[in-house]
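Chains: A, B, C and D, in written order; residue numbering restarts at 1 for each.
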Amino acid sequence: MADIRTNIAGLQMVNPVMTASGTFGYGLEFADLVDLSQIGGIIMKGTTLNPREGNDYPRMAETASGMLNCVGLQNKGVDYFCEHIYPKVKEIPSNMIVNVSGSSPDDYAACAARINELDAIPAIELNISCPNVKQGGMAFGVTTEGASQVVKAVRKVYDKTLIVKLSPNVTSIADIARSVEDAGADAVSLINTLMGMSIDIERRKPRLSINTGGLSGPAVKPVAVRCVWQVAKAVQIPVIGLGGIMSAEDAIEFFMVGASAIEIGTGNFIDPAISVKVAQGISNWLDCHHLESLHDIIGII
Amino acid sequence: MADIRTNIAGLQMVNPVMTASGTFGYGLEFADLVDLSQIGGIIMKGTTLNPREGNDYPRMAETASGMLNCVGLQNKGVDYFCEHIYPKVKEIPSNMIVNVSGSSPDDYAACAARINELDAIPAIELNISCPNVKQGGMAFGVTTEGASQVVKAVRKVYDKTLIVKLSPNVTSIADIARSVEDAGADAVSLINTLMGMSIDIERRKPRLSINTGGLSGPAVKPVAVRCVWQVAKAVQIPVIGLGGIMSAEDAIEFFMVGASAIEIGTGNFIDPAISVKVAQGISNWLDCHHLESLHDIIGII
Amino acid sequence: MGNMKQCKDLKIVAVEHPNDGYVLLKLTDTEPLPAVRAGQFVEIKVDNSPQTFLRRPISVNFVDEDCNELWLLIQIVGEGTRQLSRLQVGDMLNVLFPLGNGFMQGVAGERVLLVGGGVGIAPLLEYAKQLKQVGATPYLLLGGRSANNLLQLDLFSKYGEVYVTTEDGSMGEQGFVTNHSILETYNSQLSTLNSQLFQRISCCGPKPMMMAVARWAKQHQVRCEVSLENLMACGLGACLCCVEKTVKGNVCVCKEGPVFDINELTWQI
Amino acid sequence: MGNMKQCKDLKIVAVEHPNDGYVLLKLTDTEPLPAVRAGQFVEIKVDNSPQTFLRRPISVNFVDEDCNELWLLIQIVGEGTRQLSRLQVGDMLNVLFPLGNGFMQGVAGERVLLVGGGVGIAPLLEYAKQLKQVGATPYLLLGGRSANNLLQLDLFSKYGEVYVTTEDGSMGEQGFVTNHSILETYNSQLSTLNSQLFQRISCCGPKPMMMAVARWAKQHQVRCEVSLENLMACGLGACLCCVEKTVKGNVCVCKEGPVFDINELTWQI
């Protein structure tokens, strides 16, 4: 059996498959359907310093081989997370990672500082690329200055593994990646969703309450693979790849272009057990190709 | 019958459906299969000052609801076009438009100047967004300075309708659109392809000869609709929308967010007669909704 | 745990086409199907449909414990449901279920009016059955555009009295469910709860119809629950796409619902 | 014009499964099918296959003028071809055809060796028929991994002598087509063209096999044409995706080909 364990900046994982923020709840929602201990890491839904109601309904539209969403970081805030959710998730035998978002560098830092105190949370994923919130979110992720500013603020107060999630809605994602590496990020994850829009021509209105939303699913995979390839060549820190992964073969494309781990997002909606199936499939593929370790294919392109 | 004629900066069209450059040859290839006089405009394949061999095979990869290509502007050059192709296409009863590309502003200008002499070519589409050529191409389309520079150079020597095709691979497509408007463009068309990549994991190599290529097809439609919506709000000149249009309903989404005309690209590969069917479908949809003119829905969102 | 969520391939044992607009799929499994509360739903994976990427949420129409069958009554509206209507006996269908919370548990002796409109009628069949099983008395008020939107009336009548309205008058009283005479009579009475035909309402159908019923219930101070059909992706409360504004803020219809007491909602009625 | 391109729904009149790996579709139309040159191909629209976005190019296997039938012999390799193998008699299939240029027109009296490998054998059946029709003599050298890759041999034998090689020796001579003894004997002769078994070669199959045949032909100064299978999108010469490097530069296989004289190509042989 091939060795598919991986290590992201000190984060030890039984396999390289993580579940993407906002697509797997807090893990608990899927407990009936999949063995959570067989998932390399679970990135919980976006958490902010203060509670957020998110955007109005409708928040979702199905598109060709994908979907748009504009949830807008609905969450009960970091205090609620620490008091009510953390006690329930801290026993889950996987890497439980919090996705942190905010409206200002101080915001991000204050939230990250709270999470830093939680022993059972080994890492955070900094979301500087959410296309669905007015202030903050993607605003920071589309300029090297903004990205660097947020990462520096968080790095000061957060001493565990710091992953930064990047937006593909930029002219050069490699430049953004370099800036967050220089600012102290331990790893980058990409891609967040592509900004898109869909129209209900009968109602003559956008399908989403805030007009635009984030596109995800197999439709975006080619863009995601390209971005991971560009970023992996640009930075020294580990790269986590995501975007439309529905199978082990999809995941292997990301490893070959330089990802050390991958996240599955929208795929969880189609098959709640997809993460474990993909992990198993990666192991099988390596065995079939007489490869001893996942590391034999990482970055070979 | 609803009036679906449209006018793009002086370019009169029997209907708002054009065929996108590189997907419909010179029109002649489709003469057996569709009545060319029923197409609003035919944008012929990319033409450059000097002949180009394009990129090596393989140049294409199928993806979820779309395809990647890296043709790389293969063409015999503007002189060959003027001497051998123009005589054949000038009798085609549609708006025969040349897509012009180059490696430098002078390049673009010299090519445009030659086309300017051809009476039966009422317009050109300036391609500053081709992701598949080393120098030039997208390089100009991703900065306001570069885009403006090329458009100004061409505007000096070209006095007919000047359409500029924009790249979605930028942080703010609205900024690029404003810069080409200020530089003298008569209209903008968008989106060109999204830069993507696909891996053949068995061969452990990219599927495309130059690694990356341009993604097109229904997969990109949500991104295209979003870009047209942003640009239509940013500029005064007409906007031509394209990206994954496969039906009249798809086209109507683009009109509602501000497009005055649309282009069909990849769809021509699935159904060679799609352009005429979409034009007819637009007319039918307007009739069913008791609308007298296409202009009743343009930009209503 | 009998009500644990599952995601598995169920075998199609019957495909019925009551009329062009609907298909009734009867599914079974090699092991006993999990307990399903009336009002819960399933998420179906639709194969061979390029236009269909996400699962399709479908309410549970009926559970036949004796035959270990789960029935899904599906209205054919788009490409996805059309593909489902082409399924054949023996095909497998991947189903994620049971999802959400059902209607209120019935209590022996209570009288409940079940109001359904269009395909929203489907889950009320299982509910009528479950109410009768616990000794409650269901009354069924079913409305449709015309007679061929009113399916399974023979089955409904096994569990309770059936009242029908159609917009075109092709069956029962003409008009909307809220125009039906049993509500008129209720309206005219001033007597005590016990003498009323029913003590509470459970409703499933198009939103305008449910709002009309909710408005009527509010006016007459009758407890009323409605089953919502917001667009959803995961069905598990993870994606937060199907939220409804409630007195507790935005909540997931798939997890906190699909059934809500009208007092929990913020509908302007 | 008999050879104008068309894009239309053809009706499936027969679906045959020679074995698990292949499906033979026989199509017809209400009006006479256009003239097809052997070696031309069609582009098929594959429905109900989410993984299949583009049309699939398939060579014309045989044209039955009497029955107005077009035959397509398809190897089942991916999701798209698997969907095609599920088609039923009576279904319609959208076909864009006839595309490309065929093999050389035959001349009365000439002797032509047709070399086919794997599914590349398919178009040679129509070519053998057309050669015989004009009074030429086709010889068929067909190779496959094993016997079940060699289909329609009974039909081939109606048009010319059939020589077979299989890699596993399960039929005919063991080895590759280029190892077959008829090439050996050719090799050993020094006599004039007329006394040779054949005067030219037309070849269709996997690229390595075609290169081997081309190499042999070059060595023995025998004219040779090969049919290429480059990945393509439009099939009309518009997208420029299927280009092959030739002495004239990059040309579209779909429009200038798929058949090329080996001297037009830049293969290193």
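Here are a few things to note about the model shown:
Heads up, the rule we're going with is that a contact is a pair of C-beta atoms (placed from the backbone, for glycine too) under 8 Å apart; a residue touches a chain by one contact, two chains touch by 3 or more.
Because the structure is a prediction, the values reported are computed rather than measured.
Of all the chains, the one whose CA centre sits at the greatest distance from that of subunit C is D.
With centres taken as mean Cα positions, subunit D sits 48 Å from subunit A. Distance between chain centres (mean CA atoms), subunit B to subunit D: 36 Å.
Here the CA centre of subunit C is 57 Å from the CA centre of subunit D. Among all residues of subunit B, those that touch two or more other chains are 61, 63-66, 217-218. Residue positions 50 of subunit C are each in touch with at least two other chains. Viewed as a network of touching protein chains, the structure reduces to one closed ring of chains, two contacts apiece. Looking at which chains touch one another, you get A-B, A-C, B-D, C-D.
Considering their complex, residues 22-25, 29-30, 32-33, 45, 53-54, 56-67, 69, 71, 74, 217-218, 266, 268-273 of subunit B touch subunit D.
For subunit D in complex with subunit B, the residues that touch the partner chain are 4-7, 45, 50-55, 96, 230-245, 249-250, 255. Across the complex, subunit A meets subunit B through its residues 61, 63-66, 68, 142-143, 169-171, 194-199, 201, 204-206, 211-212, 215, 217-223, 225-226, 229, 244, 249, 252-253, 256-257, 285, 297, 300-301. By the touch rule above, subunit D contacts subunit C in their complex via residues 48-50, 83.
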